[in-house]
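Below, subunit A partners subunit B and then partners subunit C, in two separate complexes.
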Partner chain A sequence: MPTLILDNGSYSIKGGYATDDCPRLIPNAITRTKRTKRVYVGDLIDTSTDISGLYYRSPFERGFLTRWDCELAVWDRVFSNDVLKCTPTSTDLIVSEPMFNFGQIQRSVDEIVFEEYKFASLVRTPATRLAAIGAGHTIYGDDGGEPECVLVVDIGHSFAYVVPYFQGRQISEGVRRVDVGGRMLTSYLKETVSFRYWDMMDEAYIMNAVKEKCCFVSSDFYRDLDAARGCIGGRNGKNSLGLEYVLPDFTNSKCGYIKGQGGEAEQQMTDTDAQVLPLCNERFAIPEALFNPVDVGLEQGGIHQAVVQAVMACNERLRGVLMANILLVGGTAALPGLQQRLQSEVQAMSPYRVRISVPEDPITGAWQGGRMLAQGQTVPEGATYSPATVAEWQLTRAQYQELGPDRAVAHFTKFI
Partner chain B sequence: MSLGTAGRRTQARSGGYYWDKTTLEQRRRTRLQTLERENYNSQPDFDSLPIIAQGESTTKRPGRPRSDYSLPKANTSTIVVGTADEGLKRVNRKETRQLAAQRRTFADILAKEMEDSAKNHQHQSETNTFHYLTCITAPTLGTQPAAASRSFCSICGYRGLYTCIDCGMRYCSLVCKSAHADTRCLKHVG
Partner chain C sequence: MPANKRGGKKSRPSSAVDTPVHMDATKEIEPLANFRESGINNLYAVAKPFKRSPEIMSSVRWKNLKQIIAQEQAQEWPIDFPTYWSIDAPPSLLPQKKYCDITGLPAKYTDPKTNVRYHSAEVYQIVKTLPPGSEQDYLALRNASVVLK
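Here is the complex of A and B:
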């Protein structure tokens, strides 16, 4: 029976079978264009050429699945013959959820999976747990499965979680959250750019592309801020930190491009007064919010403080091992320079040697772990501990009907 | 600038209070709320558009399936899921439709979750429970004081060393100050 692994994120669903090498990414929202008022479910937005003023109707609120009408629509699209071609009744499902997911939401997920789609079996677990299973491959380079001790830093769309794992179990007193994620960074960039240059408050799609292409994490913020001074307008050549981003006009390019790196779209551009966004200190000042949430008005510590607090909350004997086995996953973790900066910030506050590992594609980190779980590669050779195997972990439909919704939720709590 | 001058400025120009802690705190909260939203402007007409499955009846009268009803092309009254040839890969139960019709905000669900877990833990003798609200990262580390909050120039983004006496926004140099005073100062707004 094929196993479907669904990393159900608030920005995108990473979905694929255990036999696939990498998952398909489907935006987890229903979108509507401004001008033409056309509605697109999930990845159908890629077929549209006009994405200005794109409005998102998301099933998630603050990182939790609260609106099932949207989620059912997106899942219908994901399981359809155009995308994953899934037959739920003969498929095993591994689905991810946020950390400390609410009981009501857990019950509704179980109900939809078993009573509505009628999947054969279910494993419902936090996304960080799946990432921890894949950590052995990233940290040690082998297919040895889950390390005995790992600290997962998952920086996603809604928030960033730091979760310590020991022998396959999370250390709940050591879990820490920072409410800064990809969405916050995109909003911060929109706000800054709208105040300084052009009004982009309705252009989340475009500003997200700008953030992914132009932003990076500086290793010394104040040094770069001084270097970028006087770079208003970021004219190329005057200052290596500045660049100009050509905004899309929807005939030549869909998302726009960086001047000088546009390729085909740039060559075809004849319009000399295209709208240009000059970016300089915004490129590295925006991601600073991850380390200083006070910049966006949030009274919380940064992700480096979250890591240190998480480790200090754990047993003294585990601290050194946790610091040496930090795994960084999630969409926002793909920002260039983040790993080095987090490494230096945490090392400055830690008496232990800090080592941070990032998989080649941080977006699919949790999904790859789910795939290893499905293939049974969870325990390294010669290990003295044994985290749960899929067979113990999964809940079959028959068991769900026997246990009922409340005890079904308790079944998964056993493995946390 | 002495404290006395700042106090007088608070009420001077446009009559608004820009400096007192309550106003600044309110500004911080509103700004944070705006940043945390998925969309800047809400579109309630789109948010409340019903999503129905192919072949599902849109009327409330039972026994009238509309499987061969073709919706007009630029349909703006419903969103239809599922294709005609494949059908729906799920049952589309009444309970699911009720669940899908729920419109509960995150705050409601969080409140109910806290209520439920309080009830559950009354029976157990656990003293420490960990949940969504206990894992927030504190801005300080143990006994260290929190780092001073920093500001950036509202015009160019460099360090915001100086503050506009009329509206409280930051600037870094005389060049930015004049740019601010010309068009951006909040005294023009309120």
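Here is the complex of A and C:
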């Protein structure tokens, strides 16, 4: 029976079978275009050319899945013949949920999976747990399975979680959260650009593309701020930190491109057509919010402080090992320069040697862990702790109907 | 009707020409044009959209985040369980710390006539020579003044 792994994120669904090498990314939202007033579910938005002023309707509310009418539409699209071609009645499902999910929402997920889609079995677990399972491959480079002690830093769309794991169980008193995620960074960029250059307050889609292409994390913020002084978009090539982003005109390009790196779209565009967004210190000042949420008005510490607090909340004997096995996953973790910056910041505050590992594609980090779980590679050889194999973990449809909704939720809390 | 992935027929707004969903799915039954005239006594023959009705799967059925949080708060929690809405500490069992009303230093003594707290004999000289109204003003700073109506 094939196993379907669904990393159900608030920005995108990473879905694929255990036999696939990498998952498909489907935006987890229903979008409506402004001018043509048409509704697109999930990845169908890529077929549309009118993407200005897109209105998003997301099933997630502050990172928790509450709007099921929206999510059912997206899941129908994901399971359809165009995307994953899934027949739920003969498929096992591994689905991810946010950390400390509400009991109500857990019950609703179980109910939808078993009563509505009628999957054969279900494993419902926090996304960081899946990432921890795949950590051995990233940290040690081999397929040895889950390391005994790992600290997962999951910087996603809604927030960033720091979760320590020991022998497959999370250390709940060591879990820390910073409410800065991809969504916050995109909004911050939108507001900054709207204040300085063009009004992009409605253009989340385009600003997201700008953030992913242009932003990076600087290793020394004040030095880069000085270097970027007086630069407006790197005009005349004077400042290496500035660049000009050519905004899309929806005939030649859809998302826009950086001037000089546009390829085909750039050659077809004449100079008079181009609407240009000059970016300089926004490139590294926006991701700085991850380390200083006070900049955006949040009274919280940065992710480096969250990492240190999380480790200090754990048992003294585990601290050194946790510091050496830090895994960085999540969409926002793909920002260039984040790993080095986080490494230097945490090392400055820690007496132990700090080592931060990032998989080649941080977006699919949790999905890859789910795939290793489905293939049975959870525990390294010779480990003394009892393995959480898929067979014990999963809840079959017959078990669900016998146990009922409350005890089904309790079944999964055993493995936390 | 196209079968969708949810293992049932596609739900759409019910109309007059719905084919009936038969409880015993062995044979189809013609829709009844006129219920009364036929003198029917087999209700299985009538179209009854049960769980496929659109209201059942609508957004009204699911709670939004505010309602979920309100429901969590209303549950029975143990008294000393720390939650985000109950971080109040219990009242203290230790005696209250008293501070001088004039200087702000720790006050070990109280003037019996006016209940003004003072730090030392030096400060008491000042307390003795206070004008009549200002003593109540000092007490009012810590909500201990006597208000005569």
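Definition applied: the second predicted complex is superposed on the first by the 411 of 416 C-alpha atoms of A that agree within 3 Å, B and C clash if a C-alpha of one lies under 4 Å from a C-alpha of the other, contacts with A are read in each partner's own complex, and residues count from 1 in each chain.
Definition applied: contacts are C-beta pairs under 8 Å (C-beta built on N, C-alpha and C of every residue); 3 or more make two chains touch, one makes a residue touch a chain.
Fair warning: this is a prediction, and the values are worked out from it, not measured in the lab.
Once both complexes are superposed on subunit A, the partners subunit B and subunit C clash.
In the superposition on chain A, A:177 makes contact with subunit B only, while subunit C stays out of contact range.
Of the two partner chains placed by superposition, subunit B and subunit C are both touched by A:62. When both complexes are overlaid on chain A, the residue A:345 reaches neither subunit B nor subunit C. Of the two partner chains placed by the overlay, subunit B and subunit C both lie in contact with A:87.
In the superposed model, A:105 makes contact with both subunit B and subunit C.
In the superposed model, A:76 lies in contact with both subunit B and subunit C.
More residues of subunit A lie in contact with B than with the other chain of the pair subunit B and subunit C.
By the touch criterion defined above, A:201 lies against subunit B but remains apart from subunit C after alignment on the C-alpha atoms of chain A.
In the three-chain model built by superposing on chain A, subunit B overlaps with subunit C at stretch 76-84, while the rest of 22-30, 76-84 or 94-102 show no clash.
For the contact definition in use here, the residues of subunit A common to its subunit B contact set and its subunit C contact set are 61-62, 64, 66-69, 72, 76, 79-80, 86-88, 102-105, 108, 116-118. Touching subunit A in their complex are the following residues of subunit C: 4-7, 57-59, 61-65, 68-69, 71-72. Remark: subunit A residues 61-62, 64, 66-69, 72, 76, 79-80, 86-89, 102-105, 108, 116-118 touch subunit C in the complex.
Across the interface of their complex, subunit A is touched by residues 28-29, 31-32, 34-41, 43, 46-47, 49-51, 53, 74, 76, 79, 81-83, 86, 88-93, 95-96, 99-106, 109-110, 112-113, 116-117, 128, 130-132, 135-142, 147, 149-150, 152, 154-159 of subunit B. Contacts from subunit A toward subunit B in the complex involve residues 30, 32, 37, 39, 41, 55-58, 61-62, 64, 66-70, 72-73, 76-77, 79-81, 86-88, 99-100, 102-105, 108, 111-112, 115-118, 161-162, 172-173, 175-179, 183-184, 187-188, 190-192, 195-196, 201-202, 204, 225, 228-229, 232, 280-282, 285, 292-303, 305-306, 308-309, 312, 349.
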